[in-house]
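Each structure below appears as structure tokens.
Each of the two complexes below includes subunit A, the first together with subunit B, the second together with subunit C.
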Partner chain A sequence: MRVRLEPRLTDPSLPAYALRVALGIGLALALSAGLLALSDHPPASVLDSLLRGAFGSWTAVQSTLTKAVPIGLCAVGIALASRANLTNIGAEGQFFFGAFAATGVGLSLPEETSHPVAVALVLGAGVFGGAAWAALAAIPRALLGMSEILTTLMLNYICLLWINFLVRGPWADPLTFSFPYSPPILDAGQLGPVSGAIQGGFPFLLIAIALLAVIDAGTRWGYELRVAGDAPEAARYGGINAAWIVISGLCASGALAGLAGAIEISATTGRLQTGLSPGYGFMGVLVAWLAGGRPLPILLVSILYAGLLNGGFSLQIAHIPGAISTILQATILVCILGAGSLARYRIRLVRNAAA
Partner chain B sequence: MRVEISVAALLSLVAFLSPAHAEEPLKAGFIYVGPRADAGWTARHDEARRCLEAAGIKTTFVESVPEGPDAARIEQDLLGQGYKAIFATAFGYQPFTQKVAKQNPDAHFFGIAPTIAPAANIQNVYGKLWDGRYLNGIVAGRMTKTNKIGFVAAQPIPPVVAGINAFTLGVHSVNPKATVSVVWTLSWFDPPAEKQAAVALVEAGNDVIAQHQDTASALQGAIEKGAFAIGSESDMSGIGGDKVLTGTVWNWCELDKRLIKSVQDKTFKAGDYYGGLNDGVVGLAKISPMVPADVAKLVEEKRAAIAAGTFDYWKGPLKDNKGNVVVPDGKTLDLSDIQKMRWLSEGVSGAVPQK
Partner chain C sequence: MTLSDPTLLLLGAALVSATPILYAALGELLIERAGVLNLGIEGSMLVGAVTAFMVAHGSGSSLAGMVCAILATAAFGGVFAALVVGLRLNQVVTGLAMTILGSGLSAFLGQSYVGLTLGAAGSAATAASGLYVAGGLACAVLAALFLRYTRPGLLLRTLGENPAALDALGLPVVPLRCLYVILGSGLIGLGGAFISVVLTPSWVENMTAGRGWIALALVIFARWRALWIVAGAVLFGLIDAYRFRAQVGGASWIDPHFLNMLPYVATLVVLGLQSRRSAQGAGTPTLLGVAYDRERR
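== the complex of A and B ==
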């Protein structure tokens, strides 16, 4: 007997998919409860702290939405590239290169620049920076067929070292006693909250989600992305320029991650520093996969994921050890990922053919 | 319908039980940059937290929080749960603490000095750790047989550089022939790199290894290789036994109690506070029985003299390790000079990583 994992012939309907994910969440909760009971923490109160930290108050909701912005933007970009069968593991690097470009503009604009212009230029630089960093992987992929999975992954490390070099060297703020921070960007370039409460980047996430839906629903480019991804031969026969699809798809993906980096600079930290991202680019991969690449689920999953991260810190405030909250987060993720995969694949037992 | 009603009832119950009422005793929330089990920097702050707890102050903590935007979210979370005195125990939290502090003028914040992001309700504290290192240097200078001493250092920032220089001045006060070799790990918390650095120093002939890192890994590496070690942050003799000659120790307990009291009796003062040997914020770890009694006696004399302000080892003439006079005859250094220190003293082999 052998166990085989086979793709299902039909995509599961949305209710069926949701049911399986709900089952996964249920399983995760049951496993977590068992784990907590074993370590002498009452499961109900732990869950309460987790939810309270994630969504329990208006401040908690604000924090969660703020954190969902970079995760969601990276996920939308990764999902977009996956339309063309391109795997972008480099959102983290594109995020940081976008943050770098945004900071560069934010540090060099004259102080008297008006607020809308400054914000537009800072965020625009992020978009451009992210796209440029992605282009380093996209062009070799388009022209030489070099695996974008490897190049985008490797470029992450190069970009992180570049940021490290900048904030310790040429861009180190002399006023911070040699700690790894750049000076703050100009005040006019800082993106304030919308309607006084929600982080200014959140509307950009909504726009990106809407754009992904529009691209899927009825644009020529979206169609070409999918055809080039699903059937490259057919695409060539149909006159689709494969190189253009690879470059535009990956660069658009990088642009979104770069925008996420610029938003962190403009709306959260106001300066470039190491530790700007706790791995948003990699979380984006996870979120895009969990959401099956669909626009609306990406929004929901990125908010839930952000809540899970913020709630994890609240667990510590409620005296649950940090390690337990990390194990809980991992358990929940593994179960949901497993459920999502089983919705698209099925396990079959295959009897070995007689020798 | 019934489900909705019970959810609503539950939510209002949660809201009712939430700690949002005034007139509560002051509660203290701690944010740690490392894990509590680091046996160093974070462990010492956690010791102080437990000390507050023993004095009847309710506390909580969140560990392993990177010096990035998450710090602000966690501070807001702590405030939301009624912790109105926040101890943000790493330098890099400052810009984030500043944002939260300005939005919450009724709460009080304690960070790590020197201040780069001030607010009326923030006080930053640190200690003249270098005074303890001078005393450690006396022990190292007398115990080395090869006249080669190693120093594993984290980041090339002024407090670390000053510690290396003070240590070297202490070594030279008893043993002018000895040299101090510095290895930078460029990380506060990287146990394998810290250990490897110590091992490499021992293999190069250094027989006493000192350190400025958050963990005891360098010390463990030195002792496994048969060298003497000098601890940092906490008394590490419990980890390495008698081969741990001495070390510098942080004692935040009494200071944190005073800080809490300053909030309670409204004598809180914003700005910087530097403790030292005089108020016990910086102390010496137990001196090993392997250290001769006359050395221990000399250390005690110097400790008393520095604490009383009658002995100043920064008095010129002092040269850097390139031969330039950095403190002329008749001059000395004050705190603001030490906060900017970028040179290594004569007798140090190594360089401050340059821009």
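== the complex of A and C ==
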């Protein structure tokens, strides 16, 4: 008897697919519940505090939406690059380089700069910074064929060390003593909340999601990205400039991550710090994949993911290890991806299979 | 020629801090040569580190800790293999998920061990650190000989270059790939175990502190060759030892953050130089990261 994985001849119907995803989530919850039960934490009460921390009150929802902004923006960028079959796992570095550029502008603008101008310059610097950091991977990929998976990954750590150097060295705020913080950016550069409640970055996430849908549905560039990704030979024959697609795709992806970094600076912390991101760029990769790269699912999944992250923090306050939420993130992801794979393939037991 | 004592001490410290990265990079080498890109390396190291510490703390034997760490990470690697080789999930995304899972699992399992020390077992392990260092070097030589001169080594290289050829020979591609992912993960776990049992005898959340990513960079830096991994690991160890000494001494000619960037920058430079050569002989397993699907060969 042998086990074989064979592709299905037909695409699964939507209900069949949804059923498998639900089974995947169920399996992930069951695995986590088992782990909790083994360690003497009642699973039901843990799940309850997790959900309360994520969506249980208006403050919790606000905080979840705030965290969904960087995750979602990074995910939209990653999904955009994946249209051209480019794997950008450098969103974390692009996020931080965008935050660095935004802080640089925010620290050097004169205090009397008007509010809209200052915000536009700070966020614009973030967009530019993220794109520039992505260009460091995009140009070698376009000209030399260097794998963007490996370069974007390496650039993450270089950028993190750069930020560490800045906030402990030249940009260290003398008033925060040993905390690795930069001085705050100018007040006029701070993005206030929308109608006093929702973080100012949230509309940017909605715009980015809408933009992704528009790029997919109705632009020449979106079409060229997909052709270059799915059929590079056909793209070349059709006169699509491959180098331009690689550079524009990856830089746009980095620009969105950089915008996320600038928004964190402008709307949340007001200053550069090493703990600016608990790994938003990597979460973006996972969210983009879970959502299958589609715009609306990205919005929903990034909100759910942010909820899981927030719920994890509230677990720690309730003296339940927050690591549970981390484990849950990973198992849900793996189970859903596995369910997706089983939707595309079927497992067959083959008797006396010939090699 | 006589070496002055400080130089010898620096070299010794360099070898010790190179060892966890050496083991991890050798494990990653086996996995990548088999055609699988394993981004779960940091998570595997953490699983190894926490298992080794828990077992060594409970049993009082650091050797038992090491063995259990290898077994636990091999099992962890088995899950990864089942997902990416068996179910053909995306290797990048699944690898990142395994890193998250490993960091969560190790934090969860190790929470009651934070702040404890190994006592006698720890000092015994530290005294035997030379053995583990020598073991790492021996592993590298063995891996180099295995890859270059043996038939299974040739098959391993083919696994990452042209799995369809192995399939045509009637060799089982999927089980072989799984085998190397599991073996390599065990080595990666040993690297993590070295950190928590020998290097710092203690357990702290996320104590591998990015060494897994450095190991990943080293494999590329070494262009997928075992002996170059040794050179890279020792170079990194020297940087690490120098940085530590500079921190203690208070003066350094360059900010340590820039020293820490070196492994990544060097890897990018090597990637750039390599991409200018022909693919043949460059060392990159050509089908790295591509799941084997018989029906699409």
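A few points about this structure:
In this text, the second predicted complex is superposed on the first by the 314 of 355 C-alpha atoms of A that agree within 3 Å, B and C clash if a C-alpha of one lies under 4 Å from a C-alpha of the other, contacts with A are read in each partner's own complex, and residues count from 1 in each chain.
Simple rule for what comes next: contacts are C-beta pairs under 8 Å (C-beta built on N, C-alpha and C of every residue); 3 or more make two chains touch, one makes a residue touch a chain.
All values reported here derive from a predicted model rather than from experimental measurement.
In the overlay built on the shared chain, the residue A:T331 is in contact with subunit C alone; subunit B does not reach it. In the superposition on chain A, A:T151 makes contact with subunit C only, not with subunit B. Shared-chain residue A:E6: touches subunit C; no touch with subunit B.
Of the two partner chains, subunit B is the only one touched by A:L175; subunit C is not. When both complexes are overlaid on chain A, the residue A:W162 reaches subunit C alone and has no touch with subunit B. When the two complexes are overlaid on their common chain A, residue A:S39 makes contact with subunit C while staying clear of subunit B.
In the superposition on chain A, contact of A:L31 is made with neither subunit B nor subunit C.
Of the two partner chains, subunit C is the only one that A:P140 touches; subunit B does not reach it. Comparing which residues of subunit A touch subunit B with which touch subunit C, the overlap comprises 168-169. Those residues of subunit A that touch subunit B in the shared complex are 48, 52-53, 56-57, 59-60, 63, 66-67, 168-170, 172, 175-179, 181, 264, 268-271, 273, 275-278, 310, 313-314, 316-319, 322.
By the touch rule above, subunit B contacts subunit A in their complex via residues 14, 18, 29, 35, 60-70, 73-74, 76-78, 80-81, 83, 91-92, 95-96, 114, 116, 155-158, 339-340, 342, 353, 355. Those residues of subunit C that touch subunit A in the complex are listed here as 37, 39, 83, 86-90, 92-94, 96-98, 100-101, 103-105, 107-108, 111, 167, 170, 172, 210, 213, 216-217, 220, 255, 257-258, 260-261, 264-265, 267-268, 271-272, 275-276, 289, 293, 295. Those residues of subunit A whose C-beta lies close enough to touch subunit C in the complex are 5-7, 35, 39, 87, 89, 140, 144-147, 149-151, 153-155, 157-158, 161-162, 164-165, 168-169, 282, 285-286, 289, 321, 323-327, 329-331, 333-334, 337-338, 341-342, 345, 355.
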